[in-house]
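Here subunit A shows up in two complexes: once beside subunit B, once beside subunit C.
Our next item is the complex of A and B:
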């Protein structure tokens, strides 16, 4: 099934060489989206972040992510269970990623037993105090940008993305390098004005897990302030058969312990 | 001296934490990965706070917040049961007494696929309001709220059996509190209030006798395509002793309530609507001025992001007193009774910096019917994973001495808190 999905856009591009440029670029980006955010039907991983500010002061976060796709490239359920630091311990973040409308987001605050719903808001704001944006974690919708293929020489495609609604984001354009083999985005430089990027997202380590190339170490750098956040994943596994009903309000108060027990 | 004792206790705890092999501080980033937790782990915080009145009061000392506390939390899983303990040990310098207690001491488990049980002391919350509670009749700590304690302390714990049943059609929450747990209500010990029976602002420090009876709270709820629906029920007593016995002693009048709510995304924001009918069964026809009348409560709210990282929330709250005519006719002080329809507009503005270290917040209550207000500005700075500094104020105002918020205007205060999380 996966193979057919990957082949289809290529065939389509060959059949329509005239408008190939944009279609090519978009299909590459869609494949990258599938590789980066939709590997397997579901997935689980432990994650930790090291947040460094410009003065070198550090903070940490540690959490477990459960994810299940409702359809490849489409709606998706995600839950993030925080274990560290102690002031966010047992806090749970729940997202239902939507395609046609804004994502549904909830935050469970255990001290208050409060299920706080979060309004749509700007997705390009800090994810739990890190340099990662919400959008870096859940994925930016590919139809929000137009793409141009700058280069397909060597091992990577190089594409430029421009927002269709520039007022909705803080960047003017970005240049993304996608590995031809794994289809994973390896480097993204965001530009505001001029030729100097102000924000960078890098994949630092790729591992093959159950046949899925997976980014297990990445970094976001704020090139203006000098701060950066590294994120590492461990205990990654796919196609666990996560039941639908664990992605619910029930799991906020009563986390699905069986599915949060990690093994390599 | 007592503070020193607490500080030394915590420093020894945090020292123990540092020697924990599970630590993944900066040094271990490249090598160690925090392994899965095994055995008992203790987390928590130590917090010191200071707060004082903006103007001197004939009824109280200047201090409204003074003291320190240690929170110790731990969790343990045994078979399929999750045991949670959260305890506070602290000294309250304003009331000059130790304050120790369990915030939570509970056992939680799933009984089969469709049933969850949580037993023991726990904090319970539901409903859609922000600082406004219609169907959430679980205990609140208004003293902590007025003194500038962390929001967590607004919700007081209760000893309860909470059973939740999950079904495709809807989920059902049943909370049974074998002993009625009242709010930590404003009784004059730290904050004065207006008594219509005395005709002045008083600070008696009274304690009403708590009914020796149980409480029930129910919620039937379901989320459908991003829209959250809920129906609620409650049987118990009013949470503060607003009524008087024949002998003139404050007591908790029986209360039954039912209501509903809906919350859904509308436009770029979140819309919520909630209503609740509170039935005062000791005074069904409203003729008894000593006992609270029945009330109908309605809340409409909308929250949205104004600009990046600045969120606004507005709520309109309406309180309709039933049999108001009968109340006025029987009341010895009709001029001080609440309006037939009391309306309150609330507004919350929250701003965070890009690194989420600073949080600035302003919450305001303004009564359109009484023209009185309550402002809660606050600022908090998270220095790192351990230290957090917060400061804020509680400002009440209004023309009269007796309206809901205006009665507290002698209690305007500012506060400061420092918290170290371990």
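Our next item is the complex of A and C:
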């Protein structure tokens, strides 16, 4: 009797076709991507990062992100305007997120009077010295990994992602927990070898803004070195009707100040 | 008192034996707790300023101790095969426990910054995949050679060698990690020559060799002494006594040292071999006389009492003078040297006490038949080769006294001249023998690379921004409402960046427009203060560092230097055209900050913090030297001092040194200065003791002369030969003084006695070259030979000590036997 009870869930799992399960998992991930990166048609938020190294020394970064979707779950325009520390003020990133190919990225450095296109190359490099990767800010394409649903008990789905091209990333696998209600990823642990994660991404605070559950406080921890970065979003708003022309090379040198004023 | 002690020792023999056995057993029980200390840093006390600064700098800039793995291929290292092996080892190292993965440096673990078409910059791993073709490998080479921080550090200039730096958390794991790396390398069937070195590995090997030394040299010394004693006395039960004294002394002293929680450093690992010969000397005196006087049928007790009675004072004095010599080492500000001096000093006095108590008890307990047998088998001393040689020496010394004296004066002048030529220099890597694998690795890697020895020049701002911040806060508070002014106080505990963020937040919730204006003004001032405090984003400061680096490179003393300037220039070049003409500093501090923001956008954002602190108030210049010689490091320090003297540092900056190569210079200087103190104080103390012992200024002076000549001769020779004055040689100066004066004490005591008895100096001196001369020579032989097993030791300092002590003891005995008769003849009226 005891043995049969143990076997039962196993049998049930085997009865499901493997592909069906994968589709299921992919569907959840797609929804999570939409919830985390495509809320509304456009959006604006003021971000502040507190970067802490293993010795507890801190740096801050403050910037405003403007975003506009070309289509839900598809191409997306993004501008990042830095305001602090004051010596990097007016540094601007422009990103065009692509689905079928690598993103396009540009950079404006006022101190060097320089507009530069950045080859996307590897998106798993540090975002301006923080523990966030570029990919964490712009979103990792869901077709780059294969997913398995590990558990759907309780309030969260637990999925495991494995890279389809392991050579392109530094992790072997990751386990992501997605809130069933908001569809937001709440916790991601990355693994290299063994079962000790070396990197962790956490959503610390969720707020409902204009009907969109939004992560307003998150943290990335480098579990190897002991450093971590917290990012807070304030003044988040959606569907502002951002005009297309502000997502242009012109805006790098001439920021659209009207859209960057938070007090209105 | 001595009679009472002697009486008790003889009457309560069992107590003596059991007491000694028990004490020895208790101390032996401490031995397994031994802790080896191989860190050269511990040559300096924990509270030494230079050491504290060194460790602060290492922590601040995360400069970890690293195992260095080097691969050399004389046909070039940029081949798919060699690169594959390198990547394999690097990847393997990253999986090992105890490795600080994020700071591991290898071609496959660092970033490349390149131009990808016009107007495009690209950040990517330098060697994510191993190049499959030689063209791709050549491309990799040109990529590496474009990056000054990597070129000649990760791959040698000649393209024949590559290195992997494996930083580790705990150097106690270095052996395990190095062994795993070696096993992995062996499994690769790579045709490259591989070397594993680096400070943690060297220290670990060093600790191992120390154990080998203690395991081999000390027992060998014991055996040597045993053989010598057997040649002298031909009776095993009889000579077992001094061996017991020596063993007990060594075991108790080492047990005490370990039991008291002291670590065993290179110096204290020599305690056993120092104590062994010194401990038997007193016994040899007692037994020599006993063998001379004892005849079958005599009462052993009476003979012993008589002998100990008149040997007590000279034995006490020789023990005390030797102890003084060793204790004087405690004046040297080098903790391992102090501990060594203290415990050998203790051991000598312990040996004296054990000798006085144990030897009589032991001899009395011996079966009289054994003693009779010993008596019969004893060779006729007066006919031995030694006796003949000593007599001849006596004749030589007796004639031509003036000639001898002139000879000694010439030798002294020659020695002083030699001393003036002494080169003070040391290098812990050279403590390994020439053909040791670490020395080979050291040579090979320094041949190819810009240098494996590190020194850090730390530049820092002397003015913290606190005063300016407080002033800005006060100004703001004075024009604000009291509630808002109160709120300002909470900012004082925050860092500048966070205070600015807090003000930013506050501005959004504020309604009072006056307060708002004041707060906005404050935020602007704080941002200005923040920018101003970031000294190392200022182009003038970076330019100064570049100038200093160029000057160092030009001098040829520094293999390579790496600094924040190199980082900024490289990033700026790649952001602009990628051409060498753009290898420049940006014109403004903001430009520098923005270039660095890009540098931080790599796979290794924390690499920046090896060169500057996040507040940009301290910066580190990493110097790679091809030589770890203190002389070379000192030359670099002087070079920088001179440069700064003619090209003053930008205002508000100061510089300090860190790095092991520099620390070695610090402790060596402390040692040289300290040694002079201990030598002088030992000399004065021993001189005063001699005057008291002989109750005569003339005899006191006489006693000091042979050792003065001996020590200056030996050090003069070191100067003439050009051997570096290093750690072991420095340490030996004062302690040899205490040892070599023993010969003079015994000679003068006996000579004066005999002279007083006979009334004729000539006859007295003749008598001196019979039994007393033989005893002195015999002791000199025991001590000198006792140190020779050190010649077989695996580490150079041990060998130096062995050669040095053996020769100083031999020369000192010889000088004593020649010089004192000559001087006494000349000073006949005064002695």
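Simple rule for what comes next: the second predicted complex is superposed on the first by the 244 of 264 C-alpha atoms of A that agree within 3 Å, B and C clash if a C-alpha of one lies under 4 Å from a C-alpha of the other, contacts with A are read in each partner's own complex, and residues count from 1 in each chain.
Here, a contact is a pair of C-beta atoms (placed from the backbone, for glycine too) under 8 Å apart; a residue touches a chain by one contact, two chains touch by 3 or more.
Just so we're clear, the structure is a prediction, and the values are computed from it rather than from any experiment.
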Exercise for the section: Record, for the superposition on subunit A, whether partners subunit B and subunit C clash or fit. Expected result: clash
Practice task
Please indicate which partner A:250 is in contact with in the superposed arrangement: first for subunit B, second for subunit C, both, or neither.
Solution key: first
Practice task
Could you look at A:164 and tell me whether it touches subunit B, subunit C, both or neither (first, second, both, neither)?
Solution key: neither
Practice task
Applying the touch criterion given at the start, work out whether A:151 contacts subunit B, subunit C, both or neither, answering first, second, both or neither.
Solution key: neither
Practice task
Applying the touch criterion given at the start, work out whether A:126 contacts subunit B, subunit C, both or neither, answering first, second, both or neither.
Solution key: both
Practice task
Scan A:91 for contacts with subunit B and subunit C and give back first, second, both or neither.
Solution key: second
Exercise for the section: Report for A:210: first if it touches subunit B alone, second if subunit C alone, otherwise both or neither. Expected result: neither
Practice task
Once the structures are superposed on A, label A:55 by its partner contacts, choosing first (subunit B), second (subunit C), both or neither.
Solution key: second
Problem - Partner chain in contact with A:227 - subunit B first, subunit C second, else both or neither - result: both
Practice task
Examine A:193 and indicate which partner it touches, taking first as subunit B and second as subunit C; both and neither are also allowed.
Solution key: second
Exercise for the section: Would you indicate which of the stretches 148-156, 184-192 or 400-408 belonging to subunit B has clashing C-alpha atoms with subunit C? Expected result: 148-156
Problem - Those residues of subunit A which subunit B touches in one complex and subunit C touches in the other - result: 48, 50, 53, 57-60, 62, 84-87, 89, 111-112, 114-115, 117, 119, 121-122, 124-126, 128-129, 227, 262
Fill in the blank from the handout: As the complex stands, subunit C meets subunit A at residues 59-60, 62, 95, 100-102, 111, 116, 119-125, 128-129, 495, 497-498, 500-501, 504, 508, 527, 530-531, 534, 537, 572, 575-576, 586, 588-595, 597-598, 600-603, 605-606, 608-609, 613-615
Completion exercise
The residues of subunit A that touch subunit C in their complex are 48, 50, 53-55, 57-60, 62, 84-89, 91, 107, 109-112, 114-119, 121-122, 124-130, 134, 167, 193, 222, 224-225, 227, 262-263
Fill in the blank from the handout: In the complex, the residues of subunit A that touch subunit B are 46, 48, 50, 53, 57-60, 62, 83-87, 89-90, 96, 98, 101-102, 104, 111-115, 117, 119-122, 124-126, 128-129, 170, 227, 230, 232, 234, 245, 248-250, 253-254, 257, 261-262
Fill in the blank from the handout: So, in the complex, the side of subunit B touching subunit A is made of residues 24-26, 29, 33-34, 36-37, 43-45, 73, 75, 77, 80, 82, 103, 108, 110, 116, 118, 122-125, 151-152, 154-155, 164, 166, 171, 223, 226, 228, 263, 265, 268-270, 303-305, 308-309, 311, 352, 354-357, 382, 384-386, 388, 421-422
